[in-house]
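All remarks here apply to the structure that follows.
By written order: A, B, C and D. Residues from 1 in each chain.
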Amino acid sequence: MHQYIVNASIQILPVVQDRHPYEWVDEAIAIIQNAGIKYEIGPFATVVEGTYEEVMKVINAVNEHLFNRHCNEWITSIQLQIRSGGDITGDEKVEKFR
Amino acid sequence: MHQYIVNASIQILPVVQDRHPYEWVDEAIAIIQNAGIKYEIGPFATVVEGTYEEVMKVINAVNEHLFNRHCNEWITSIQLQIRSGGDITGDEKVEKFR
Amino acid sequence: MHQYIVNASIQILPVVQDRHPYEWVDEAIAIIQNAGIKYEIGPFATVVEGTYEEVMKVINAVNEHLFNRHCNEWITSIQLQIRSGGDITGDEKVEKFR
Amino acid sequence: MHQYIVNASIQILPVVQDRHPYEWVDEAIAIIQNAGIKYEIGPFATVVEGTYEEVMKVINAVNEHLFNRHCNEWITSIQLQIRSGGDITGDEKVEKFR
């Protein structure tokens, strides 16, 4: 895979009863916040930016965290937007509207 | 259904070859911008807020527009977040992070 | 909107602690099963087919049911696939693979 | 991460004009078909099963293929369902309905 910037949205949907699902969501967001790549927290998902490798590393770190913390069950919903010949950033998609 | 605030994310994924897919996305966003309910445009989707009825009306208006404009084919990806006993807003979900 | 067949996938993600989330999912699926349009239950979502009006009526019926039954909070994830000039069916998309 | 079975749905949404988007979808499905893990092709996504490592390897292989084949731009939509203490299979979620 290339080293261009890819753009991804990450949403965690816990399937649990022991804690309020949002508590797991907050833990997942904290992992993303500390991952060292650009992120924007939205109402439904957190959008991150980095190389493909960097983004997949963050996705794996979130799932690894939830596993190590014994979150009973969860769905990680991901959208990865990739351009084969160049960068694709969040700003490029929204700046004309902001 | 109740009259509380619901929260929804709307993403349009055109399946076309005649125009660049983003052109259809921009038209869909314009429909949302003119619908008169609160919205926030993000890199993957536009998040709207309103009563269930208001939000479904916007979703229908977007699909109606794409149909009337002869967009060949598209996927409308929607996440509707609803609380049966009260409002659920975008701000409530992100303010502690902003 | 036209009267052609549209294709939609419906996924219910309860945000609850009082019951196992799957119990709400099963109730939502039962609403779809009794709605009188074609459906296929998959591991992540139930795919339905019908006119736009019929499909939106089922989506509304599911949300109405969860509201009337006091499901605390849920996300309805929907993908609506629409072709402006004709039908789009599930079979058309998978028959060459089955 | 554990070695239990996880369950994932993979959907490819090409953002292209040079070929019909379905042609890229078919290529992605062929990669999944040849990956050696259990899969079920549905109207909106292909559901796969395997260990977390096996599933992520397939997701990476699909993206790698599209990159090597110069697909201009695409969104890979993924839902990963993971249980920290055991397997989660597609059958478990649908068998009572089939």
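To be clear about the criterion, a contact is a pair of C-beta atoms (placed from the backbone, for glycine too) under 8 Å apart; a residue touches a chain by one contact, two chains touch by 3 or more.
The model shown is predicted, which means the values in this text are computed figures rather than measured ones.
Enquirer: Can you check which chain pair, B-D or B-C, has more C-beta pairs in contact?
Expert: B-C
Enquirer: Find the geometric centre of each of chain C and chain D from their Cα atoms only, then give the gap between the two centres in Å, rounded to an integer.
Expert: Whole-Å distance between the two chain centres: 21.
Enquirer: With chain centres defined as C-alpha means, what is the inter-centre distance between chain B and chain D in Å?
Expert: 26
Enquirer: Whole-Å distance, chain B centre to chain C centre, using C-alpha means?
Expert: Taking the average C-alpha coordinate of chain B and of chain C, the gap between them is 18 Å.
Enquirer: Quick check: what residues of chain D touch more than one other chain, meaning two or more?
Expert: Residue numbers touching two or more other chains: 15, 75, 77, 79, 81.
Enquirer: Chains as vertices, touching pairs as edges: which of line, ring, star, complete or other describes this one?
Expert: complete
Enquirer: Provide the residue numbers of chain D that touch chain B in the complex, in ascending order.
Expert: Residues 13, 15-22, 75, 77.
Enquirer: Taking the complex as given, what residues does chain D use to touch chain C?
Expert: For this pair, the touching residues of chain D are 7, 9, 29, 40-45, 47, 79, 81, 89-90, 93-94, 97-98.
Enquirer: Can you list the chain B residues touching chain C in their complex?
Expert: 1-2, 15, 52, 56, 60, 63-64, 66-67, 70-85, 88
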